[in-house]
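Should a chain be cited, it is by its letter among A, B and C, assigned in written order, with residues numbered from 1 in that chain.
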Amino acid sequence: MLRHAWRIARKDLLIEFRSRTAILAVAVFTVLVLLVFNFGRDPTAVATRDLAPSILWVTFTFAAVLTLNRAFHLELENQALEGLLLAPVARGSLYLGKLLANLAFVTIVEAIGLPLFALFFNVPVLPVLPSLAGVIALATVGFVAVGTLFSAMTVRTRFAELLLPVLLLPFMIPPLIWAVLATAALFAGRPLSEAGGWLRLLGAYDIVFVTLAYLLFPATVDE
Amino acid sequence: MKLLVAGRWLTALGLLLLAGVYVRALAFTPVERTQGLAQKIFYLHVPAAIWAEGAMLLVGLASAFYLFLKDPRLDRFAEASAEVGTIFAAIVLTTGPIWGKPIWGTWWSWDARLTFTLFLFLLYAGYLLLRGAVADPGTRRRYAAVLGICGACLVPFIHFSVYLFRTLHPMPIILKPSAPSLPGSMLATWLFSLIVFTLLYVAFVMQRYALALLREGPAGGERHA
Amino acid sequence: MLRAEGLRHAFGPVRALDDVSFTLQDGQTLAVFGPNGAGKTTLLKVVAGLIRPQGGRARVDGGRRAVGWIGHQPQLYAQLTVWENLRFWASLYDVAPSDAILARLGLDVHRDRLVRALSRGLVQRVAIARALVHDPRVLLLDEPFTGLDRMAAEEFRKLLAEQAASGRVTVLVTHNVEEGTELATDVAFMRGGRFVYLAPRAGRGAGEIGDAYRRAVAGG
């Protein structure tokens, strides 16, 4: 099961690194969002520190939504999806493969965005980096799992690029809230244990939605 | 169409009883001490909120059964329930600010409960938009079912957040573990209102279901034999 | 062996398959001719297991693993090379691709070129190689000659004849009687989701089959 998932994910990443257009575009987009935040606030009235967690997460949210349609778009180009469905590959493996590829992709975007965020807004990220990475990972897994499932449906509708954010954002906002609160606790120098409640919620969200997406995915591809 | 007619009569009855709720609320139920007359909206607001959320759970339940049984009736019910849920969420979102203005001093507040009702509303909007964006009826049913199940599973997370947030919202005073801390006559009025809203939910869903049948045409019923 | 029993399927009010039944033994090749919209592609998708039919059932010995499929689209990744594509698709069947099939289709010189840089005819040849990469026992071919030049089409026909001789079951779907007749052991005409004709070819050539086709599809 995981063997096929891994092969599908590796194939996706190979294609992505071959063209590089998508990842570059999202990276540039991330920089632009950070830039918009810089000019979209009054620096004399709002301290960066108060706004920093929100800036980080709003940027990640938009960047993630942009990248998610890509996974299944790739499969529709030459109807490769038909070939995948025809192969002796479990539907669940197909989903996990796509999820892995999307996670890798979003992680790369976040890895580009985080240092730029620290640089632009002068946030001391380094001292809390391990904990922050943990929070980011917990939140990312949850909404990428839902996003991967939804993108399998939206790519085959009209207005795919518009529909995915509309469907996905309500699902992203709860983990976003918890991630922002946990991040704020970290930036304020409080120990991670204080944010335990938020982290538990993030964990529960991940477990519920990864399982659910795994189980529901066949219904999105089987006629 | 018997269902449509029955739905209409039930709606009329529901609306009549709703008027009854308000006569009772305004004339026969005491005025709340701190909130004054504005509290009266609570009899409309809370039952609508309960059914806005309940409708989503029923959408999820019907969707889950649809994926197993592939019975188009379940899908039709889910669609009807989603549309009625949208209306109820809209009621909450309009009555909330009307209550909020005199009490909180602002029309809109990012209070957790109101915010999450907004999300519920957007969840419904997404569900209905997805249905509109898929042309093939079989695919539409499957996609809608997947989203419906996910939506219903999001509701508990929404609920959790309500309790974890610091909020302006009056904490639930009826559905809480300890005994209800509400004067008897208020509780009675409120329960009456909840029953009326339940009736309205059923009536609206019946009508919407009948309309979906009509829209599918005579072939609609047997299409998914 | 491949067996279809009473297949029925409809898309909304459109009947794509209406009580289609046939059985093919190893080595048999069924050519299905029909105009656009006759239900030919739906038939292949149902047999392949891509669509669950609303009525009847289709059975392929060996299941999904035994099916090789060429569809309307090449099912290849444009950003990968020919070899990378074949290696990926083979890996889903837990096998390794062979160089022999590349050479056979004249693709060995294009092995490391990106698929998006290939001409339409070459892409179709890669699609053929892709469909054969796991040595399937049943071949389902949907207009497989699309985009092939005369030489390549001839070469492909030879390849298919070899496949049949080694016991493969083939279903070949096309709107062009000229293309498919020579390969077929059995011939079916399809219209409005039904087989209006199903018989062994019995040595008849494209001309005779073409006449029968015109009579059956225009008349019946």
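Here is the rule we use: a residue touches a chain if its C-beta (ideal position, glycine included) is under 8 Å from a C-beta of that chain, and two chains touch if they have at least 3 such contacts.
Because the structure is a prediction, the values reported are computed rather than measured.
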| Quick one: do these chains touch in a line, a ring, a star, all-to-all (complete), or other? | complete
| said: Quick check: more C-beta contact pairs at A-C or at B-C? | reply: A-C
| Looking at mean CA positions, which chain is nearest the middle of everything shown? | A
| task | Averaging only over C-alpha atoms, locate the centres of chain A and chain B and give their separation in whole Å. | result | 31
| message | Measuring centre to centre with CA averages, how many angstrom lie between chain A and chain C? | response | 40
| Approximate Å spacing (C-alpha centroids) for the pair chain B, chain C | 52
| query | So which stretches of chain B touch two or more other chains? | reply | 138
| Multi-chain contact residues (two or more partners), chain A | 223
| remark: Contacts from chain B onto chain C in the complex sit at residues 136-138, 219, 223-225
| task | Going by the contact rule at the top, pick out the chain B residues touching chain A in the complex. | result | 67, 119, 122-123, 125-126, 129-130, 133-134, 138-139, 142-143, 145-147, 149-150, 153-154, 157-158, 160-161, 164
| field | Parts of chain A lying in touch with chain B, wherever the complex brings them together | value | 146, 149-150, 153-154, 156-159, 163, 166-167, 169-171, 173-174, 177, 197, 201, 204-205, 208-209, 212-213, 216, 219-220, 223
| Of all residues in chain C, which touch chain B in the complex? | 10-13, 54-55
| Quick one: in the complex, what on chain C touches chain A? | 48-52, 63-65, 67, 69, 71-80, 84, 88-89, 91-93, 130
